[in-house]
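Each of the next two complexes has chain A plus one other chain: chain B in the first, chain C in the second.
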Partner chain A sequence: MDYYIGLAQIIGIHTLLGLSAYAVLLTGQVSLAQAGFFAIGAYVGGMLTVLAGWHVLSGMIVAGLVAGVVATLVGFPALRVKGLMLVVATTAFGEAVRLFFFNFNYRIRRGDVLIGPSGGEGFRQIRFFQENGWSTIEMALFIWAIVILVLATLWWLDRSRAGTVWRAVGEDELAAQSAGVSITAVKVSAMGLGGVIAGLGGALYAHNTTHIEHAQFGVVLATFAIAYPILGGLTSVLGTLAAVVFIQGFLVEGLRFLGDWRNLLFGALIVLAMNLRPNGLLDASAVAALRRGLSFRRKGAAHARA
Partner chain B sequence: MLELKGLSKHFGGVKAVDGVDLRVRKGEIVGLIGPNGSGKSTTVNLVCGVYPATAGRIMFEGADITRLAPHKRVRGGLARTFQNIRLFQRLTVWENLWVARNTAGQGEPRRLFGNWVGGQRAARASVEELLEFAGLHSKRDMVTGALAFGEQRRLEFARALAAEPRLLLLDEPAAGMNLEEIGDLRHRIVDLRRRGLAVLLIEHVMELVMGVSDRIAVLNFGRKIAEGSPAEIQAHPDVQAAYLGDAEV
Partner chain C sequence: MQAGIIDFLQSLADGVLFGTTYAIIGIGFTLIFGVMHKLNLSFAAASIGGAYLSLALLAVWRAPSLVLLATSAAGGAALGVLVFLSCFRFIRADNALAPLMATVGMLLLIDEAIAHLTAGVPLRYPALFPDVMLDVGPMMVRSDLLFVFAIGCVATSLLMWLLYRTRVGIATRAVAQRPVAAALCGIGIGRVNATTFALAGALGGVAGALTGTAVGVLSPLLTLPITVKGLIVTVIGGLGSIPGAILAGLLVGGFENIIQHFRGVSERDLHVMLLLFAFLVFRPGGLFAPPAGRD
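Entry: the complex of A and B
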């Protein structure tokens, strides 16, 4: 049972990571900096609870805000580059963040032990949940409460005026600009929101694993972050959730019995999934079908739409 | 209301637009013609702010907008269409208009998330009108990429109007249209003048430009070589030389 609760926690945290990339991707920016924002959230959140003795909730909120501010600052220079150049630039930023934490040493003496981030050795003993006697199920519920909050916020944003404007920028910047949209405002705020979400996820991750180190926040994590929304399809936030469940639940955990063959199959299955559903697991027609199904149950008049 | 003073754009050594003076008055349709590569589209892109001007000034309603950000020019009342249609292909017809309508009339960059209640009802109503205008009411929820070519042209035209411009820049709106569609376009352009809008029309289809324009300016190699009424332009020797080639060479 604990195994499945643990899996639910991982899926929740990775969903936040994927959603942070989703928000940015909506405006047409392919960012590999999300793992960097995630790392900032993890370290800031961990330091606030461990060193400053904060509650995890307030520590997580501040971690999200710090990551959001950094992401906003990254958003401005990111405006100047597009496509592959943006991928390169954001990868470089993510690596810079990782190397910063590789060299980041800030330990204080508590009793007869040193606590805090310790460069390459990482940051151990982020034990807010354990020290306060949270059960694994309470931790999972806490994580999923945040995930659902973020999912709902993005769902609402997607369907609001701002969401339409964001997608318009993602489609064609010149046309959006000619429709009176400020590209700067849209892209930078998307980057900032993505940073906040990644920061929240990072803070939860730090408290969930209790031990973080620079190597966890490398290019691989950044690739996962961007793979979730792309594999899920950009039609709906639920696509990202579906992709995380598919990758973390099915590919990473479900195929564990295959041993070393798993890694081989992992890549092959992602390629297969992209071939079978080139527009993502939940593409426009799947979302439309879902919605028809829902309205059929509500009104019993789905045929009226068709 | 629009005034270009010595407007120039140089790409390296190429003088795409070279010291062009041009005026468009309120409620006036001005045609801008010239052979391919004469600088017409570059002029539009300069007026919209896609490129920064190398030299010269752009005045709109008395204000110098030469250095103004492109989206602020749109909000200030200056909208355009594109030579090659640029719609948001994966958004619906309704959403295409909705994006443009929502930024209309905003003097400054505010309200990315604002304007929730009162403004939205008015905006929705005006999107309905635009759908009616473009004849796309029945296709409002269709993805734009699935529309026929002529419908896409009409939608782009309506999207430009959604920004509530006082001056509309039309960059070859008749390109790829059949005669019937050109006739329809002509009515729409004349209707804009009736509503008090000014239009700067760039076009290769001479029947259209000659038929609707109050005044026509001719560009060649980035310079304005003639300006006058359609009749004057048709009789102008320099214009004939630019289009047909110089008989004596």
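Entry: the complex of A and C
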């Protein structure tokens, strides 16, 4: 049972990572910096609870805000470049953050041990959950409460005017600009929101694994971040969730019995999925079909009652 | 003081020569981007894959250096075409995200295939060239790096000749400039794209073999750093510019070796990223920016 609860925690955290990339992708920007914001959230959140003795919730909120501010600051120069240049610029930013933490040393003495981030060794003993006696199921519920909050916010945003404007910029920047949309405001706010979500996810990740180090936040994690929304489709936030369940639940955990062959299949299945469903697993037609199915059932129920 | 200058020049020379491999990888990215306006993230993995195929040949026959290089190039070309077929050919041209993601899948697939076949152990790559030290005044130049540089120059010149002096090259450049107009002139876009992937892949295979011989070992762990460096070189050089990629490759190679010498290996890549940011802020188009008005 603990295994499945642990899996639920991982899926929740990766969903946050994927949603942070989703927010940015809606405006048509491919950002590989999400792992960097995730790392900032992880380190800031961990330092606040371990070194400053904060509660995890307040530490997490501040971690999200810090990551959001950094992301906003990155958003401005990133506006100057598009397409491939943006991919490279954000990759470089993410790597720069990782390398910063690789060289980052800030340890204080507590009792007879040194605690805090220590360069290449990483940051150990982020044990807020364990020290305060949270059970795994409570941790999972906490993580999923945050995930559902973020999902609901993005869902609501998508149906509001702001979401429409974001999508307009993503579809055709020039047309949106001609219609009076401020590209700067849209892109920077999307970047900032993505940063906040990644920061929240990072802080949760740090407390969930209790040990973080620079190598966990490399290009691979950044690629996973954009893989979730692209694989899931940008039609709905549920696409990202579906893709995380597909990758983490099925490809990573479900195929574990294949042993070594699993990793081979992993890449091949991504290639196959993109060829068969280039707009994502939950693309517009799939969402429409789902909606039709649901309304049909509801209508059927109404008929039965009548 | 005197020793400091010599150290500086020495690491600059070593770095610039090793930068040849970055330059070639950068050319590969730039070439594919120039023709298709899409990013192929599995390019460096395919290059290393090509070098591994030449190792496979070495297992059955002690082939001479040039044959190894040629095998590596052929392997790179074959993998390039495979990438084209699996990630670009059957996805609509107006979809930018799907091929990008598919090439990531291909990157993982190639990496994992290598790790699976070699049981995860890095393999020794033979020295393709005699290992002599040449004394140039107070400095020493590693002759194998000099060979790497020379082979890089030959491969690049060959590519330039192909692009600017042959019918295939004209067709490639036509597709790069105006795909629709090129199609209307009777140029098969799919075939030209496949050719470009084969060409870039062959070049990548050469780069993979050169990296293997310069580093001494081959490992799938090499692919991600090379991918990142290649992308940086592409952007610093200016998208779609082959001379830019060459210059940027040598620049990045020299720069990172100097930083490594003076600041240590753990800070090396951090400064390379800072160099890239400096370019993005002050010269976003790169060294040889294409004329304005075109994407």
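To be clear about the criterion, the second predicted complex is superposed on the first by the 295 of 306 C-alpha atoms of A that agree within 3 Å, B and C clash if a C-alpha of one lies under 4 Å from a C-alpha of the other, contacts with A are read in each partner's own complex, and residues count from 1 in each chain.
By definition in this document, a contact is a pair of C-beta atoms (placed from the backbone, for glycine too) under 8 Å apart; a residue touches a chain by one contact, two chains touch by 3 or more.
These numbers come from a predicted model, not from an experiment.
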{"item": "Touching partner for A:A289 - first (chain B), second (chain C), both, neither", "value": "neither"}
{"item": "Which superposed partner A:S182 touches (first chain B, second chain C, both, neither)", "value": "first"}
{"item": "Chain B versus chain C as contact partner of A:V113, first or second or both or neither", "value": "neither"}
{"item": "A:A52 touches, of chain B and chain C: first, second, both or neither?", "value": "neither"}
{"item": "Contacts of A:N263 with chain B and chain C, given as first, second, both or neither", "value": "second"}
{"item": "First (chain B), second (chain C), both or neither touched by A:T164", "value": "first"}
{"item": "Dominant contact partner of chain A by residue count, chain C or chain B", "value": "C"}
{"item": "Touching partner for A:A145 - first (chain B), second (chain C), both, neither", "value": "neither"}
{"item": "Which of chain B and chain C A:D172 touches, first, second, both or neither", "value": "first"}
{"item": "Chain B/chain C common contact set on chain A", "value": "none"}
{"item": "Contact footprint of chain B on chain A as seen in their complex", "value": "160-162, 164-165, 167-168, 171-172, 174-183, 185-186, 189, 284"}
{"item": "Residues on chain A engaged by chain C in the complex (per definition of touch)", "value": "25, 30, 77, 80-81, 83-85, 87-89, 91-93, 95-96, 99-100, 102-103, 120, 218-220, 223, 226-227, 230-231, 260-261, 263-264, 266-271, 273-275, 278-279"}
{"item": "Residues on chain C engaged by chain A in the complex (per definition of touch)", "value": "33, 37, 39, 86-87, 90-92, 95-102, 104-113, 115-116, 224, 227-228, 231-232, 234-235, 239, 266-267, 269-270, 273-274, 276-277, 280-281, 284, 295"}
{"item": "Partner chain A, residues of chain B touching it in the complex", "value": "48, 50, 69-72, 74-75, 79-80, 82, 86-91, 95-96, 98-100, 102-104, 106, 109, 112-113, 115, 120, 143, 159-160, 162-163"}
